[in-house]
Every structure is written in structure tokens, then in C-alpha cells.
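Read from first to last, the chains carry the letters A, B and C; within each, the first residue is number 1.
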């Protein structure tokens, strides 16, 4: 089963928690045991799993990424978003999460975040759910 | 088949080679052809695949991560472990390894490492093994 | 179905677009719906998905990785390629791509790149294609 999530971002760089949207798709699928693939089909965005409880964690991650990969740094690519492409490769375009008992097997503090690095934009996330 | 590895770390940052533990679970499963998902359900840890033969490689990776993402850097998150969350997203919470002939298809020099970034702690790694 | 791609690199650090080679293997497999695992069995190389249209993007990614992780930085590992090991863990050894209608479900601008960090060498990429 393949589904698409639509994500609307409102800033240049931003983490959007998509955990509940993914869980809702798993509920719909009826699949109890299996694997969930989360895939971002964009080259200036990514997906990561990290702490969702304290919003300062996502701010710290974005702040450090900006420090390591500044928006301006003598890049060759002329569109002005090379930093976003680089962050995309550092964080990665996909995650795989195990499904057990119909639930994403995330740790206590884990949430799934869509990572916007060149917004604001309309974005898509592809979710594939496969039962055992 | 889902199994949990228990990993006890002894330092704040540390790589623990879990290759043999994963292979033992594959041996137990009897699965000859398939895929092995390695998932870390923690937000201040990660999993990576890198050289296991020379221990100086893992020390160099930890040293450079510490240089890029220092423990103190004016973070917003008040628990004092923002660096660990950031390293977790840079390295990633999951790996997928192919199984062929009952063996993890790692390259000659590859080992699978649990990456501790905020220890020492008791940690868990979730292993899911799926036959073709 | 498991296949091996041979990649010959010509520089120390280089991105090689392997998208068409992977798609050709999917065509051969006859699989229409499923998942494609791309696995790099080397500890000084990696795989990433990023923009293939403008070659300046891959040059900017390599340039920034070199700036963040210099070739010489007082490493412990004596082979002179610690930077390559570190980049390998930052970018990652595997990707998972969804197959739909017999095609890799990449975004409009996405290509799959083999990332050489310690070339020139002969390298291998392992491709596993699994139908639903």
C-alpha cells in the first residue's frame, strides 16, 4: 500500500512532526505486523526520527545544521539553495520503521519529522506499508 | 521475526560492535535469503556501518562528530544533551542489511555499530529479520 | 533478486549517478510493485539521493563535506583516509527506494549517487529488488 502525505511548510527551514499522519495510514491499512517506508521525493528536504516532546530539540538540530552548512558559502549551484541540498544528503531521504501490533515501533521519545530545508513550500512524503 | 538486543554502554560517547549479535539472531531465525532491519529506538543514539578492524576508525569518527557538534554550544534544550540528539539525526536511527546464504552481506571491512552519544546507559536495538 | 553493479571511480572524491543502472536491473527483474535496496559494501564510500540535473549540486556537497571533514585533521587511523570513513557514516551505506509501475519512485529532480570518498577505485554496489 502506497500513500502520499501532503505537508505544507511555512518557513525556510522547519521540522514538521508527521508521526500521527503515518500512524493513521497504518490504522487504515489494517496491517498489524510489517514495515513502514517513509520516503521524501525532494532534493532540498529530508526525513529524520528524533525527540518530539521538547520543541527545543528540533530547534537545536536546525540551528546546528545552519552553523555547519551556512546558506551562503561560495557555492557553485546558482539557485541559492545548495545548503538545503547538502542538509538533505546529511539527514537522508528515507527511514524504515517496524510495525508491530498495528503500531509504529518508535521509542518513547521518538517522533518522525519531515525536514524542510528550502521552504516554505508544498511537499509530499511517500509512505509504503508492507505486511509480513 | 523481531528481537531486541540489549546494549550496555560505559562512556558518554562510544561505538559498540553488534555485528555478531545480529548474525546470531539470523542464525537462530533459519532465514537464508532476506533483509535485516536494524532500528535504534532512542533519540540520543544511532546505528552506523563502518570499519571494525582498526579501532582507531571509530575513535576518529567520534572525535570528528565531537568537533563538529560540541557538547556545549548555546543550545536551547535544557537537558545538556542536544549534541547527542543532533549526532543521532546525522548518523541515523536505522540500517537495512541484505541477507544471503544465511549471512549478513557486509563488505570485508564492515561492522555494524551501535552509536552511543549520551551514555553510559542501558540501550535497546530492535532487529527485524524478513525472509524473501 | 540480488545484483551487483560495478562502479569505477576516477578521483579521490566523486559522485557517480547510478540511477539508470538500477532502473535497468528493475526492468530486467520484471517486478512492478516493490522495494529496491541499494547497499554499499565499502567503509570509505556511501550512497545518497540528490539532484542530478545540475552537476554543481554534487560539487557543492563534496566541497562542503571536505570543509567539514578535512583530509588531514590529526586522525588516529594511520591509513590516511579517516575523512573518507567519517563521510561514509555521515551519508550512509544504504538507501531504500519504492518501486511502482516498474519504476523507481524518485522525485522529479532526484538521482541516486554512489559516493566515492577514497578513490579512484573499483567499487561494488549491491542491489536487492523485492516484489510485494
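Note that a residue touches a chain if its C-beta (ideal position, glycine included) is under 8 Å from a C-beta of that chain, and two chains touch if they have at least 3 such contacts.
The shown structure was predicted, so the numbers you read here are calculated from the model rather than taken from an experiment.
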item	value
Same vs different contact residues, chain A with chain C, by half of numbers used	different
Between chain B and its twin chain C, rotation from the CA superposition, multiple of 5 degrees	120
Geometric centre distance via CA averages, chain C-chain A, whole Å	20
Of all residues in chain C, the ones touching two or more other chains	68, 90, 92, 96
For the chain C and chain B complex, residues of the former touching the latter	2, 37, 39-43, 68-69, 73, 75-79, 82, 85-86, 88-90, 92-94, 96, 126, 128, 130
Chain A to chain B touching residues, read off their complex	35, 48-51, 54, 56-57, 59-61, 63-65, 67-68, 90-92, 95-98, 100, 105-110, 132
